[in-house]
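Listed below are the structures to be examined.
Shared between the two complexes below is chain A, which pairs with chain B and chain C, respectively.
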Partner chain A sequence: MISDGIEDEEKWLAEGIAGLQHNAFYMHRALDSNNHRDSLKYSAQMLSELRTSRLSPHKYYELYMRAFDELRKLEMFFNEETKRGCSIIDLYELVQHAGNILPRLYLLCTVGSVYIKSKEAPAKDILKDLVEMCKGIQHPVRGLFLRSYLSQVSRDKLPDIGSEYEGDADTVMDAVEFVLQNFTEMNKLWVRMQHQGPVREKEKREKERSELRDLVGKNLHVLSQIEGVDLDMYKDTVLPRVLEQVVNCKDELAQYYLMDCIIQVFPDEYHLQTLETLLGACPQLQSTVDIKTVLSQLMDRLSNYAASSAEVLPEFLQVEAFTKLSNAIGKVIEAQVDMPAVGAITLYVSLLTFTLRVHPDRLDYVDQVLGACVKKLSGKARLEDGKATKQIVALLSAPLEKYNDIVTALELSNYPRVMDYLDNATNKVMAVVIIQSIMKNNTYISTSDKVEALFELIKGLIKDLDGSPVDELDEEDFKEEQNSVARLIHMLYNDDPEEMLKIICTVRKHILTGGPKRLPFTVPPLIFSALKLVRQLQGQDGDVVGEDVPATPKKIFQLLHQTIEALSSVPAPELALRLYLQCAEAANDCDLEPVAYEFFTQAFILYEEEIADSKAQVTAIHLIIGTLQRMNIFGVENRDTLTHKATGYSAKLLKKPDQCRAVYACSHLFWVDDQDGMKDGERVILCLKRALRIANAAQQMANVTRGSNGPVTLFVEILNKYLYFFEKGNPQIYSAAIQDLVELIKTEMQGDMATPDPSANAFFASSLRYIQFQKQKGGIMGEKYESIKV
Partner chain B sequence: MVLVLALGDLHIPHRAPDLPAKFKSMLVPGKIQHIICTGNLCIKQEVHDYLKSLCPDMHVTRGEYDEDARYPETKTLTIGQFKLGLCHGHQVIPWGDLDSLAMLQRQLDVDILVTGHTHQFKAYKHEGGVVINPGSATGAYSSITYDVNPSFVLMDIDGLRVVVYVYELIDGEVKVDKIDFKKTATAHSAH
Partner chain C sequence: MNYLIGAFKQPCNISIKFSDGRTRKQVPLKRENGQTTMVPLFQNKENIVGEVSIEPTQGKKVEHNGVKIELLGQIELYFDRGNFYDFTSLVRELEVPGEIYERKTYPFEFSSVEMPYETYNGVNVRLRYILKVTISRNYVSNIVEYQDFVVYNYTPLPSINNSIKMEVGIEDCLHIEFEYNKSKYHLKDVIIGKIYFLLVRIKIKNMELEIRRRESTGSGPNTYVETETLAKFELMDGAPVRGESIPIRLFLSPYELTPTYRNINNKFSVKYYLNLVLVDEEDRRYFKQQEITVYRLQETS
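Presenting the complex of A and B:
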């Protein structure tokens, strides 16, 4: 029969309520006049409304609640009556005359409650009677509510330990029996609902069943509240009986709900002690039951229990919780062949969380869980499912967070295997998580084996996987990614030079597979790591025994050379030039003249062939000059060649002012201010004069092209350089030359009156102040400056 | 009382992964009025933005490894009674030479010149003014200086006086030193 819609139900409900209230009114009247017979008659009529089949569970509940309220009042009345001497046995007999069975049973339960309270008979006997009689109602909805009523009125009257209704010994068992029976019958009724009605209404039925589930579950709750149910009773009686019903009912909805209920309602220590039994039921359940969620819930609860206090941990070991859970999961996954990947992984995540909480020191367990996961995933292609990959990231992040130490995670042989199943994007996400964990915890990775393992894990960041080009990754994101790899390289360190060299070689091997986009990020940190090692070895030169020591500065320089060369594929000439110069300086400090010379050669080649931008050239030439100025290792020939080159290129810069500055910078190449440094005054002055010529040319050019004056400031700069070398004692610098320069500048500036250059003026002014200051110093300095008039 | 943070040569991520944790915990936003950075951060996002979050008035000059090539070669600014000049220092040859730096100071016409490049903390006073090198805030490798300790400088400018506090991380402990400078109220007459 197709239902006519909600309005009809509302109508029927309203009718039912009206009828109920009508009879309740008369019932109360009868109670007021102490008319037992009539009160029962009207109450029976009132209860007849509950005989309806037309209401959905939701609506039936509303009707039921009103009846319930009325029955409460009835019960209270009869309670009073029995105190006043009315015979409860007579009452009990009286209600059995009610015409229809449903009202009769409600009344029996009500009076039964009063009977128990009166204590004229043992609670257990009455309860047994009632629970049996309720079998008379086999209609699911009506039966469920009836038994629910029974449960409610009997709740506080169970013959529990310490209760006033406790009879002689072993009545707890009777209480348990009672509840178990009620539960069993209720479950049967509930399951029966599934099979009523046409197939097409299955969904509606399941929804209705869902609404009623708490009625059934309540019984388990009651069981958990019974004081007398201790671990032994739970283990021996309660759990087996409940599970028996759960398994035998063969109903998916019931099984799922009840398993979950058991886990939620009973204490965690009970679960721990009955783990085998509980898990044993799982494979016996219907194959469509979402057992993985149930198991996950169980493991989560146990994890929390383990975390709650350290004292409970030995219990876990004693019951071999891990093994049992692990086996159970294995069986479930095996049995449910169609389980999607995300389901299996979720289970493993729960198991892993559990393992990390309970057995953090058992890396073999952790590895086992990962291994089982690998096994489940094997044979399948890379995961596409977003939820599944999310779960795998959770799986892999858990050990990192727990151990705060990537090194421990690296010991898990199955860890990289799990990562292999991630798609490229997620693999990179995981790699970043790993790097962040290292940076956050300041962990140093100190052997080349671990470095190798680590780079295997993060290979998604190091190179393009699957030969496919870099995905459409946002440029900013890519930079961030590569910079985090760069920072990581600084965390790879070992005091022992041999091991450190191995680490450097391992890193080098990996980053060279990164391709031109990645090299500019990853090469510099490696170079500087290696330079630090060189410096460390510098001091140890004399101690080397034996020929075959791999870690020598020379070998490392070879490595450095080859690595910087790789930058040519990017191409990154400016960066490479800087790195070559760094190496040159380091080689200088190691007394390796040919090596230093070679690095300079490479730098010059890059300058000549690759650096075309004029601004870049200016910086580059200054870096070359600055580095060269500090070199003390070169013999005369080598030095001459390099300085010649440097000055040559300085003079060939595009803009005149740049030329001028570079050339006078070169003057320092011929004057090194320490004891045995060279001091070639002649060549210094040559440079300065050359610079002066260039400045003059710049002046003239500016006059011609712009009709204005050129950069006066250049002259002031050169003046300052003259002063510098004058003070250092360069015999080729005469005070007359300085004087001339001062006059020249003054003239130029006067000529500039039309368009004065304030910064040049200020510079000149401060330079003159300086000269004045030096004159006033007295002593040798004062003498030097004496002849200069400002 | 104006606080100016001077630091530089962090070389992140080429030579160092990050600022030392002890420094990071000391540098909180809102306490400093100006930041001057000698250069070689090197990466914009992490370092530049982080420093900017400490204080919005941030000045940077270009170091030879900086990712952002648009930083200026030199910069001058006035704070209170002092004129400050900022330059990375790789442009001044010989590197670290005081007299050459003094020339730059005269050129920029400043009382306090802040430069870096050598990764070694220095604070010189000479007739023209003060030259400060805040060293490397991360203790980065330098071809010029061996055994670099992480360091930075905090200047407290008050009227004609500046107190230079240098913070150095030595063996895991932060050590502080201070140097006082007073500027003579000279009459700088322009020509």
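Presenting the complex of A and C:
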């Protein structure tokens, strides 16, 4: 059926064209023989082909264009004729004798055009007559094409300022009036088109209509080209009239297209000066009209205009463009109840873009926009609509991009409130964007208020939001997010310790809400950030004495203590242990013995109670030893307690090699290699000997269980410790002991049961080479080594 | 044979000439055979002056019982064929009985002739003016020559010429208001007007204005009415909506109109009507007819 329809149409078009060409042929012949009567007769017959109702607008256009070409020839002919003295007035009457209206009016327009050119009557009168007579065509498609023809032939003949057809006074007005009237009539016809024909073909008709829209829009284009339409005239006449038509036609398609047209064809400057009128029309449009696109276009244009030159900016201020736009948007949203959230948000995005371009200095405007957006969204559930979410992200990203500075955004009180309407995933994405912006621009956030605001913004990352499904998280994404939060914490910085402390407190408050999964990521940066502050305070020691200074290291340590405790809930004992040790070390530097002691106590408790894994224990004990070794504030008693503990734990490690290594590491606890460090040679040697014993035991165990000796690595390592302390002048280390050890190793290596281990061998070989080297070097060291034989 | 030919041949040529024939305006007149000839134009109360010349055929003489010229105004009703009603009949004797040997010219003059009616060629009726020259003869048929002429009578601009304005409609279906700028139009006039649609509930396809001529002849039970549509002028294409107003501009000059004739010599009348026709998509026609008066205005040129 449908294909038949199309074929039929092709056939009709072909028939139409054939008829048209046939009559055009006779018309040409009449023109050649200068026969007015016949040329009019045949041209009227030719134009009769345009009376068809069977063609779709698309095909009709094809036919029209052919007729148009022929009419140009006719027009040229008449033009020549009038120059030769043929009376154009008679001709103007003669063409009106045609009985059929459509050919009559086409001819009338054609001759009318010649008439205007002849200047025998004022252009305005002829135009007025033409546009009035065209009312006879009430058929939408035919009427549209006829009027389009009229508009086409009259374009260059409008009595515009500076045009040769300009009359005595006020003729621009006539030109404008003419175009406006033609526009109005065309629009009416266009709108009416939808009501004609069966209902089931409505969709098809809408499509056809939209094919014809440019015929209507062309009039606006012509208007915009009229020189004489200055701002005043635009403001007083053109725009109100056009808008009146747009509003009154109550047609979705037309309203959308025409609003868009107005915005596109007239200069930005005009828009700016008539904002109120233009915007006033928006809420009056049909509720289904896509106003958001229209307004977005407008704002885009205005933003570009503002960006084009700084000189125009005062104009924007003068007309209060922002306020007007903002009000208009509000009204539109109010008027269009059914507008989906995405529409409203898109509008706000445009407005925001506009504001950022035109009033970059007016943060309050930005906030206002966001506030309006919040208001619109309030009372609704979180957005589920993907597009809307995207728009909100755009809305929120815009100020970040513009100011490149999150600090500015933090001053926007409505910013976080808008974020609340995002779904959790997007909220996080947005938070990450914010953090990235901070990182990229290296922005330091320097007051606790801002930090507070910032955390409010990124709370999606900081804690579990209500109702978020627990298992949706992708592990890697989560890590990524939390890492970025961790990085962010380092960007929160103020030189003023007091403020810094406040910041830390704020951060702490927020991150502690993060739950077990987040704490391992967020606590360490906070701790280090705080420790940095401690160091800073310590650096300016002199300045910060007195009770009333809130930011004392002591206080901070208390804070840290509590913070690390929070990790126990995770639980992350290893991490906590490391942090305690860090704190202890910092406390050490601050000469706060009790604090340091407390931290160590905590570390040990953790070690005892929480760290069960043997590998973790090894690591932990080495950390403890390492840290303890560097501590220098402890009194003898405290130190004894701690070192005793450490040594004890070292010996209680599960695996023998681990025990051995831990024990010889402990030896350093008794020998601190600086001026006033502790140097207890006795206990050093005790440790080393114990290590040797353990190494032996390990060797034997290996022998028993596997039937071969373990590697000699442990012995070589102990040898190295011996050498170290030997060189450092530990009186308890004798060259003989070293000699024995060397021999022992050699024996072990050559024994039947030895397992060849290239790395151990190499290690031993290089240790021996070192001894050799020291011997040869001579000097004090040489003498010391003299007795050792290798 | 020669004799025979001679017998049917007119023994003389008669020609009728108007004295102002060169300057007088000539207008076309349709003859019965369908051809058009140009004939002089007169109006009421004009003097009709001219001369008749009679030229016997070579070498013949014309015996006669007198020569006369008649001016006749006749109404011919076709259904009553053969009967002419002479409403005007004037005679001038040109020659007493005798013989004519050679070309002879007789001037004639009818002064201030009453010619109240216009020449008219209708469907059922014809009104014509002729000059008839008769050479009366004994025993043989009279020699007759006719000369047609046309009479137009001019009317001054009417002092009162109201517009025709009317609201018509079908209840809840169609209401229109139309206006023609005048009720009396001269032959070269333009009808200006507009149609205003107050209510449109039918799907109109187009609208046209017809000019119709109603010729009624006879009287009483023998009245014959003939209506012709002289013009069909499309005013509108497509369906208007409420509030639309459609302009009318119809030039009368292309159509062969005559003035309105009312009860000419109790024999016939010719009236004109404007018929506004709306056609809907089912080709139903809705119309309203209005009489207009057509008159002949003296052309100033």
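Keep this in mind: the second predicted complex is superposed on the first by the 699 of 790 C-alpha atoms of A that agree within 3 Å, B and C clash if a C-alpha of one lies under 4 Å from a C-alpha of the other, contacts with A are read in each partner's own complex, and residues count from 1 in each chain.
Simple rule for what comes next: a contact is a pair of C-beta atoms (placed from the backbone, for glycine too) under 8 Å apart; a residue touches a chain by one contact, two chains touch by 3 or more.
Keep in mind that this is a model prediction, so the values were computed, not measured.
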item	value
Chain A: partner with more touched residues, chain B or chain C	B
Touching partner for A:480 - first (chain B), second (chain C), both, neither	first
Partner chain(s) touched by A:183 [first = chain B, second = chain C, both, neither]	neither
Partner chain(s) touched by A:766 [first = chain B, second = chain C, both, neither]	first
Partner chain(s) touched by A:266 [first = chain B, second = chain C, both, neither]	neither
Chain B versus chain C as contact partner of A:60, first or second or both or neither	neither
Contacts of A:145 with chain B and chain C, given as first, second, both or neither	neither
First (chain B), second (chain C), both or neither touched by A:234	neither
On chain A, positions contacted by chain B and by chain C	none
Parts of chain A lying in touch with chain C, wherever the complex brings them together	51, 93, 96-97, 99-102, 104, 132-133, 135-140, 142-143, 188, 192, 196
Residues of chain C touching chain A in the complex	204, 206, 231-241, 244-247, 249, 251, 253-254
Parts of chain A lying in touch with chain B, wherever the complex brings them together	439, 442, 476, 479-480, 483, 486-488, 490-491, 521, 524-525, 528, 531-532, 535, 578, 582, 585-586, 589, 619, 622-623, 625-627, 629-630, 665, 668, 673, 713, 716-717, 720-721, 724, 727, 749, 758-759, 761-767, 769-770, 773
Chain A contact footprint on chain B (complex, rising order)	11-18, 21, 43, 45-46, 64-65, 90-91, 93-95, 97, 99-100, 102-103, 106-107, 109, 127-128, 140-141, 143-144, 146, 188, 190-191
